[in-house]
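The chains carry the letters A, B, C, D and E, assigned in the order they are written, with residues numbered from 1 in each.
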Amino acid sequence: MPQNSENNSNHLEIEEEISEKAKIALIEYDADNYQDKEFENVEDAFKFFHNKSVTWLNIAGLDDVNTIQKIAGHLNIHHLIVEDIIMANQRPKMEDSGEYIFVVMHMLNFDKKNKDLLSEQISFIIGRDYVITFQEKIGDIFNGIKDRIKQSKGRIRKQGADYLAYALIDAIVDRYFVFMEKVEGRIEELEDEITNDAVKRIPQKLHSVRSNIVYVRKQVWPLRELINSLTKSESKIISKVNNVYFHSIYDHTVQIIDTIEMCQDILGGLHDIYLSTVSNRLNEIIKVLTVFTALFIPLTLIAGIYGMNFKYMPGLDWQYGYYFVVGAMAVIFVALLIFFKQKRWF
Amino acid sequence: MPQNSENNSNHLEIEEEISEKAKIALIEYDADNYQDKEFENVEDAFKFFHNKSVTWLNIAGLDDVNTIQKIAGHLNIHHLIVEDIIMANQRPKMEDSGEYIFVVMHMLNFDKKNKDLLSEQISFIIGRDYVITFQEKIGDIFNGIKDRIKQSKGRIRKQGADYLAYALIDAIVDRYFVFMEKVEGRIEELEDEITNDAVKRIPQKLHSVRSNIVYVRKQVWPLRELINSLTKSESKIISKVNNVYFHSIYDHTVQIIDTIEMCQDILGGLHDIYLSTVSNRLNEIIKVLTVFTALFIPLTLIAGIYGMNFKYMPGLDWQYGYYFVVGAMAVIFVALLIFFKQKRWF
Amino acid sequence: MPQNSENNSNHLEIEEEISEKAKIALIEYDADNYQDKEFENVEDAFKFFHNKSVTWLNIAGLDDVNTIQKIAGHLNIHHLIVEDIIMANQRPKMEDSGEYIFVVMHMLNFDKKNKDLLSEQISFIIGRDYVITFQEKIGDIFNGIKDRIKQSKGRIRKQGADYLAYALIDAIVDRYFVFMEKVEGRIEELEDEITNDAVKRIPQKLHSVRSNIVYVRKQVWPLRELINSLTKSESKIISKVNNVYFHSIYDHTVQIIDTIEMCQDILGGLHDIYLSTVSNRLNEIIKVLTVFTALFIPLTLIAGIYGMNFKYMPGLDWQYGYYFVVGAMAVIFVALLIFFKQKRWF
Amino acid sequence: MPQNSENNSNHLEIEEEISEKAKIALIEYDADNYQDKEFENVEDAFKFFHNKSVTWLNIAGLDDVNTIQKIAGHLNIHHLIVEDIIMANQRPKMEDSGEYIFVVMHMLNFDKKNKDLLSEQISFIIGRDYVITFQEKIGDIFNGIKDRIKQSKGRIRKQGADYLAYALIDAIVDRYFVFMEKVEGRIEELEDEITNDAVKRIPQKLHSVRSNIVYVRKQVWPLRELINSLTKSESKIISKVNNVYFHSIYDHTVQIIDTIEMCQDILGGLHDIYLSTVSNRLNEIIKVLTVFTALFIPLTLIAGIYGMNFKYMPGLDWQYGYYFVVGAMAVIFVALLIFFKQKRWF
Amino acid sequence: MPQNSENNSNHLEIEEEISEKAKIALIEYDADNYQDKEFENVEDAFKFFHNKSVTWLNIAGLDDVNTIQKIAGHLNIHHLIVEDIIMANQRPKMEDSGEYIFVVMHMLNFDKKNKDLLSEQISFIIGRDYVITFQEKIGDIFNGIKDRIKQSKGRIRKQGADYLAYALIDAIVDRYFVFMEKVEGRIEELEDEITNDAVKRIPQKLHSVRSNIVYVRKQVWPLRELINSLTKSESKIISKVNNVYFHSIYDHTVQIIDTIEMCQDILGGLHDIYLSTVSNRLNEIIKVLTVFTALFIPLTLIAGIYGMNFKYMPGLDWQYGYYFVVGAMAVIFVALLIFFKQKRWF
């Protein structure tokens, strides 16, 4: 299970506490102009709002409750939504207040050292001419979009805040795609490992992949609902024309879910193959045991019989007795070998 | 399965019986005033109702049918609801009579001695300016809320009975969160135990965790419906403004259900790993058995052959015969060892 | 699978046949009056209908087609419903003709001798002022209700035919509760049996419990629908006020279904534990086999070597040779013991 | 999987081809009159249509495309429906064109020789005063209905074409009941076989039953939808009064589905029991192996030790040495026996 | 998992790049006229559009973004649809813009060399009098339809673009049928292989079939929705009369899904049989091992006892001692044989 550092189950009355300051970055643009700034105090950013250009405010650092509450105060955001932004481990959801749309979802990240799946909560407040993003720490996920805005690539500069929101959410959903591709690759590796008889810790590896898939599924299912309600919301914040973009994200989430289900089916099948492999291996070993026992034990008995110390035993004095007995042993040995060969035991 | 002391299946015509007296506690507050009292007779509490302040009456002791029926009589509550309050093991449900909303649900408790999951039924009657809670015995679950009222922390004193109901139900739902966190911790412990080869009673432990989850699921599924109908009810008891709080409880129940499903998937995977571990262990043992048998049985045959008492046996009189045979044994031994090594049997 | 004596699949055009006479019992009551009678001919009962009092006619004996058709004729009941009453093994269902409501369901019974689950079909025709019940033979299930009517306990005498129907159906549904409690008890017994290593016929016992649950589920699922449509029907036969009673039966069926699902989950877990127990037992035995083989086979080889009849063998003439070899055997024995101990094999 | 002789996946533009002639049989009746005829050419049958009496035309032989297309031409039937009639392996479905209702479904048949499940496609075209049935070859399934018409048994002669259609479809659905009863019988046989230790080819037998059930389920699921839409169709072809008959078929299909699900659950349980039986049998055998090995190997070692050829061995010269050693062997043997007895190994 | 060469997860802003030229083929026809042409530049094709005849333009080569964008420009197609056409691995879906209907789906292909399942994405743009198909490379799938148009077989020349679209989609869906037939054949082969004891790599083979089915299911489920929305769309592009053809494709997809589910059930059953076969085989081998050990070990002990070197041993001097002991061995041997025979161990 991916780890989250914060406690999920408490629904505290938030007290104002001064903790690590959040990093506050702002980008403002329209078709012709572009500027980006960083601030110490979030109040300095407020004057960039509602300027007919699109304003994107990014807050990195969810411990800085003070800053977040100032934004909430400025934009008249409900205190339960503030709680949702601050508390980690929220279920992906969307709320439409009329004035703004609130979206909370999770971004997947890869801990390259421990090969573990990390997830980070990202919240959006989408207004008519602004988007505010809240994340735990600054990552690389939005860099591509920043570049597209700065260099005016594609149609992003000609579009409003709703298109920006689409681009940001799409970047996060794409990470799921990338992750599922890695999972598919991992599954193919495991398919090879299993057939190549290198059966070390296969169940643990299968379990680890399955756990990751289960976690992603837990994220993507509500994400699908979320984006579905975004596309169906009658909010004026998302223009009818740009609705089609959110619909394409919806298609992506459906496709991720399809892939997840397919992977789960295939993983189940791989586990079956692994069990069969282990079971066949056991059969092989027991065959060897049986063959050895069955080949040698009768001969040992014969040797034992002729090792008895009776005074009167036929053949002991016969000159060729020894050769005869050893020859009989050889015949028995070969006969048993042929018998087992016919049974296809080796 | 968690134990309940009372019989569930009988739907008795309730006869008036005098049993253990319930403990009757009352808190009355508005933004400016606060008082709490305890009563011997529930009739003494009735005069505190309908005073424009919020009244919270807590009845601890479901055997005291008399007291409960007096309340029902005073507030004109349907006798089937009285039955629901008294009979343990009710399915979580909500009924809206117009005058009041009836809610019955279960609180999770931990029997620290037996490490068992206990559940206690709690019923609510929520009116426009009062909340009545019925529980089996006084616990610690509502202490936090009592403090918040007394010390006027947060917004509880400024809100009505609906907010109080929200706070109480939220406290109960939070327990499910806490429990699921314990379950997640337990699952991680089991993951470690299984990989650390300490395989004592793993299936029993997995089963115990699974049974607990199944029990919680049985509680949370109807709880979700319950709270969903609370948020969708058009009752005047819950104000439109405070509906958002019940909606946040709804989100919590959905999240608990997600976690439950994830845990169930992971538990299934752990069971598979356990079975593989056991199966691999068996393979290891049988390998040892096979190696021992296969190494020594042929040599024993050779020794047996030279122990036969034939008069005429070649080599017995040869001076180096013994050394030659023992040497041959050693060669066979080493050859078999190498063979098994190549088969990766040890 | 519970046995039913009659053929289910034929949908015969019913011919009039004279078979075993049904037992015809009638109870008529209102708040003030009560009488009960038994009849030879059903026509004698007809004059008690439509008297402003509540009439309950109980027909025990489904072979007496003649009697049932006379009732159908008198009350103008569709011939397909007559077929449904007569043919055993009907799926629980409800039909509302406007004039009467037809309900068919199954009562659970316990064959104490064979510990088998029996089920008996009971049909109801519920009119505005009468209830007719059809059952195979007279049992004890309705005795409690007969007493309550006779002794005017509770509110039954003050209510109409709809309340009587509720009481009768509720009595049947309560049997399901009782049965599921027995099943829960049986499951706990099996939990103990499995952990106590008394593994005789566990799979058969688990299977028997599971079959019973499957049968009950097959009954309760349509029962839930049935009662749901009863509560939602706009029939004038069930008064709005008494609808709440049928709703409480509905809650019961939902709770039974919850319990069934929980039991199925737990049974699945028990089967897993059983399999693990068997598998561990096998491991134990094979460990013993391996230890014995591995401890004694090398020593046997040594004894065999010194039993060879070579003329020139070093040590045979040495005075302490025997003691040395036996001592060496003891050392090997102890060394292997320690080795296996370290491997935790016993 | 049941075999079908014709190819399913091609959707040919039908060319007129002269193949095996279909057998054309016609029954015409009303309350007072009855006649049945056979024809060489289907055109001869057309004059019997629309005579105010009910006309039932049965075409046996789906290769005779020519005949079928003549009927389609006469009654103005869409060419896709003609394709559906001709192509085997159609999914059960119903189409209502206004003028006629088209129904295609499958009849179950038993190949008594190979004990295999056969299925034959039967199509119906139901008009206001006629029913046309298309089947591959004449079977015995409709004989009962022919007799009822001829001998005027029951209400069939007094009813219209919709009742005839009901009777025909009901006859087919009844076959499913009969089949599921056979399946239930087969499952009980298998239950006995498994407990009676006659474990030959049990998995294959279970699989064969399961495959049959899977096939029937594949047929009955769409059949249920089909009949549901029949009952809900607002077609004038089925009179409101007779709708109740189709509703009773619907109840039957639901009941068959219930039985199928119950059988699948029980089959799953039987497979578990079988696996446990096999596994217990293996345990038994390995116990015997272990006991034999463990009882005799230590004694063999002792015998081997006293068979060594050391000159100086204590006890060899002792008069009672032999008796002492053999006695010691017996003691060890008995001690081990008691030990294994305590472990309940035999 | 089938391989796709292109990356799925990126949603690039498409830059104009000149890559491999697409092959552009056009067929224009009405009831009386027919012509087919190939073009270098797609602009040359545009003049054939909107001529009252039906125009079918086929573009083979999805890398030629330039050509595709020219078409999009000419027909005013949304750039997200262009992306969907170009990016491989789209989920099957349909979009109705009013002016045109966009459909994307996958065609199954068989790599005869590697016996692998290949899938190729095919997109359709269906207008009122034209159909444009986009595929990766020219295959044989549409050849039958080209012939039918050219030779005016069936009703295709008399119908409009909607019928052409139906014919093309139907050809693709038929491939799924063909594939599922192959799968059914493969499953029957595997059934034989498993019973014929040729158990090499059975789990891998089962897994491979299951993976293929899972992949097809992933394609067919959205395909069913797609075609369902086609039949339910109120688009003027598909005439009411021809809607029935799309409905027949819908029936086909439902039937494919039924077959898929049936195959999955049967595959699960086959895996169970395979496991039982392996397990029985193990039992057989262990029986042999046990019989050999149990038959010979006691005799070896007897031989060992009489090989001891005690001076005073009874019977050694007896003339018939040897015969007596060997006879006793034979008796024990036969007695054990009979015992094992009774236990049915061989």
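The rule is simple: contacts are C-beta pairs under 8 Å (C-beta built on N, C-alpha and C of every residue); 3 or more make two chains touch, one makes a residue touch a chain.
None of these values were measured; they are calculated from a predicted model.
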item: Steps needed, at minimum, to go from subunit B to subunit D via contacts; value: 2
item: Separation of subunit A from subunit D, taking each centre as the mean of its C-alpha atoms, in whole Å; value: 42
item: Approximate Å spacing (C-alpha centroids) for the pair subunit B, subunit C; value: 26
item: Multi-partner residues of subunit C (each touching 2 or more other chains); value: 279, 282, 286, 289, 293, 297, 300, 304, 307-309, 313
item: Contact graph of the chains (line, ring, star, complete, other); value: ring
item: Residue ranges of subunit D touching subunit C (in the complex, touch as defined); value: 148, 153-155, 170, 174, 177-178, 181, 184, 187-188, 195, 244-245, 248, 251, 254-255, 258-259, 261-262, 265-266, 269-270, 272-273, 276-277, 279-280, 282-283, 286-287, 289-290, 293-294, 297-298, 300-301, 304-305, 307-314, 345
item: List of subunit A residues in touch with subunit B within their complex; value: 1, 8-11, 13, 78, 80, 90-91, 93, 202-204, 206-207, 210-211, 214-215, 218, 221-222, 271, 274-275, 278-279, 281-282, 285-286, 288-289, 292-293, 296-297, 299-300, 303-304, 306-309, 313, 315-322, 325-326, 329
